[in-house]
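Two complexes come next, and they have one chain in common, chain A, joined by chain B in the first and chain C in the second.
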Partner chain A sequence: MTNMGNNILYVMGIVAGLWLARNVHEIFLGLPDEAAQGAIYRILFFHLPSWFTCFTAFLLAGVSSILYLTKKNLVYDTFAVSAVEVGTVFTVVGLTTGSIWARIIWGIWWTWDPRLTWALITCIIYAGYLMLRRAIDDPTARAKNSAVLCIFAFASVVITYKAIDWWRTQHPGAVLSFRTGGGRMDPAMESILYQNFFALLLLTSVLVVLRMRQEAMSREIEGLRRHAHAL
Partner chain B sequence: MDSRNFTYMFYGFAAAWLILALYVVSLVAREGRLRRELDSVKKMIGEASGK
Partner chain C sequence: MRFARQTWTVAGKDLRSELRTKESLNASISFAVVILVLFSFAVDPTADQMREMSGGLLWLVFSFAGALILNRSFARELGNDCLDALVASPVSPAALFLGKAFANYVLLLLVELVTLPIFGVLYNTQWARQPAMLAAVMLPATWGMTVIGTIFSALTVNLRMRELMLPVIIYPMMIPVLMAAMRLSTILINGEAIPADDWIWFKLIIGFDIIFTSLSLALVEVVLVG
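For the complex of A and B:
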């Protein structure tokens, strides 16, 4: 990566960090209290944006996988694996923060509610994608097989997203105005929620680029090793 | 700020940041390992080509 590219990445990282710090300040001190839940409701400003972030990462990984299968350019595979890895981290953040919220509001850490179950399945499927890649040595076969899995895996994301509409059980229903038409959430709260999502998305972009650089380095090492064996 | 359930809210934020921090540390460690591996393979090829 060029110096210019590195500098842009540093700037993006710093902006994301400052933006997140400002959002945390707003979440703690700027937002009004919620009558029923107490302080715990403030977790939602990380819980929901984490899920939006991982869904976005998985969507982009799926699109990149389709592009890999049509164009056979390994850059798309590099992007897909990087986006999936970072997305999986945010899936773990979403599951963990949700579980801590549930401990207070529901009195339990976990229940086999359809939304929670599908969220866990999504996490396991994408972790499986990352494990599958480690099991295949040939770069082309690895890229092709994982691209197919990545495309089909996105079905699990759609089911997770729609689970609260299809099965009305324990997990709260939709609250954001783009899904409900408005009136379910204070506009100030919704605004911070989106701001935190965009800040996390910026952080995700930095992490994905860093991870892509590592994947390119791994590929270079693999190529050099093959060259060394041929000598 | 309403302080009910403050402890668990703290756990939630701490867990989110800890998971992200651990991932960033693992990325940095992997970057270092890959750089060392790349240097060593390049050196090995250089030595093999020189023979």
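For the complex of A and C:
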């Protein structure tokens, strides 16, 4: 990677960090407590953006997997695994923040409600994807098999997203205006929520690029090792 | 026409070789009985308990026992490089997949048919109060399980840790269809009518079957040939 690329990455990382810090300041000091829930509602500003981020990452990983299968270029595989890894981390963040909120509002950490259950299944499936990759040594076989699994796995993301519409769940319904047509959330709050989402997306891009470099490097090392063995 | 004949040939070959040796079938049915017995220690199988969990228990048994059959589906072709021969033959990968899936489907249904009466006797449950509806749930739900199991059996066939990886991947993928089948079977075994709210589960099974069958048919060539 060139120096220029490095610099852009640093700048993106710093901007994401500053933006998140500014959002945290705004969320904790700028916004008032919510009427019904009190202070805990603030977790929403991390919970929702985390899920959006992981859905975006999984969607891009799915698209990239399709591209790998059609174009057979390992770059797409590298992108898919990086996006899935970062996405899985955000799935865990989403599950954890949701759990903390549930402990305060519902009095329990977890309930087997369709939305929650499917979110957990999604997390397990993508963890399975990462495990599958460990089990295959040959880079092209690994890329091919994990691309197929990645496409299948995306079905669970769609079900998780739509679960609140399909079932009567204990999980709160949609609040954002693009799904409800507005009126469920104060515009000032909604704006901060989106800002946090974009800041997280920026952070995700930095993490994905870093992870892609690692992956490319590890493939190179693997190649060199094989070369050494051949000699 | 050619496609149907190829599919039928592959399915016939698999069924014949399985029914002659009965390797997986015997193992799968014995395993199903073992799980049924084990469960009786885990929970107290009183009438009230069974009313709540009959469907869940049944489908857990079906999926655990079924995995033994699904696991062998492509692995049985590894000896003597039969898989390479099959892939090199003029049979299209989709026909190969579909043939294997049909064979697995028949075997899974056989296991289920044998397990159901045993379940009824061991747990003192009248499972056949609505046989037609129960079949209407079991047939598409078992197909969903079969499709996922067969495609991932093909995907993991060349893996080092095949026996370990397959369950890790297929069970989470099967959850939607298992969840729906468990819910509906419990209602049906209790002899109740399916509430209006719960028809969504039925739609879920059908949707699952359509989506994953088409996805598998589209991707199987990549999986087998590369």
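Convention: the second predicted complex is superposed on the first by the 231 of 231 C-alpha atoms of A that agree within 3 Å, B and C clash if a C-alpha of one lies under 4 Å from a C-alpha of the other, contacts with A are read in each partner's own complex, and residues count from 1 in each chain.
Rule of thumb we're sticking to: a residue touches a chain if its C-beta (ideal position, glycine included) is under 8 Å from a C-beta of that chain, and two chains touch if they have at least 3 such contacts.
Just so you know, these numbers come straight off a predicted model, no measurement behind them.
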Chain B versus chain C as contact partner of A:50, first or second or both or neither: first
Chain B versus chain C as contact partner of A:67, first or second or both or neither: neither
Per-residue touch tally on chain A - higher for chain B or for chain C: B
Chain B versus chain C as contact partner of A:75, first or second or both or neither: neither
Partner chain(s) touched by A:211 [first = chain B, second = chain C, both, neither]: first
Touched partner set for A:176, first chain B, second chain C, both or neither: neither
Partner chain(s) touched by A:168 [first = chain B, second = chain C, both, neither]: second
Touched partner set for A:12, first chain B, second chain C, both or neither: neither
A:59 touches, of chain B and chain C: first, second, both or neither? neither
Touching partner for A:141 - first (chain B), second (chain C), both, neither: second
Chain A-facing residues of chain C, complex: 151-152, 155-156, 158-161, 164-165, 168-169, 172-173, 175-176, 179, 197, 200, 211-212, 215, 219, 222-223, 226
Residues of chain A defined as touching chain B within the complex: 24, 28-29, 33-34, 37-40, 42-43, 46-47, 50, 86, 89, 92-93, 96-97, 100-101, 103-104, 203, 207, 210-211, 213-214, 217-218, 220-221, 224-225, 227-228, 231
Of chain B, residues touching chain A in the complex: 1-6, 8-9, 11-13, 15-16, 19-20, 23-24, 27, 30-31, 34-35, 37-38, 41-42, 44-45, 48-49
Chain C-facing residues of chain A, complex: 69, 117, 121, 124-125, 128, 131-132, 135-137, 140-141, 144-145, 147-149, 151-153, 155-156, 159, 166-168
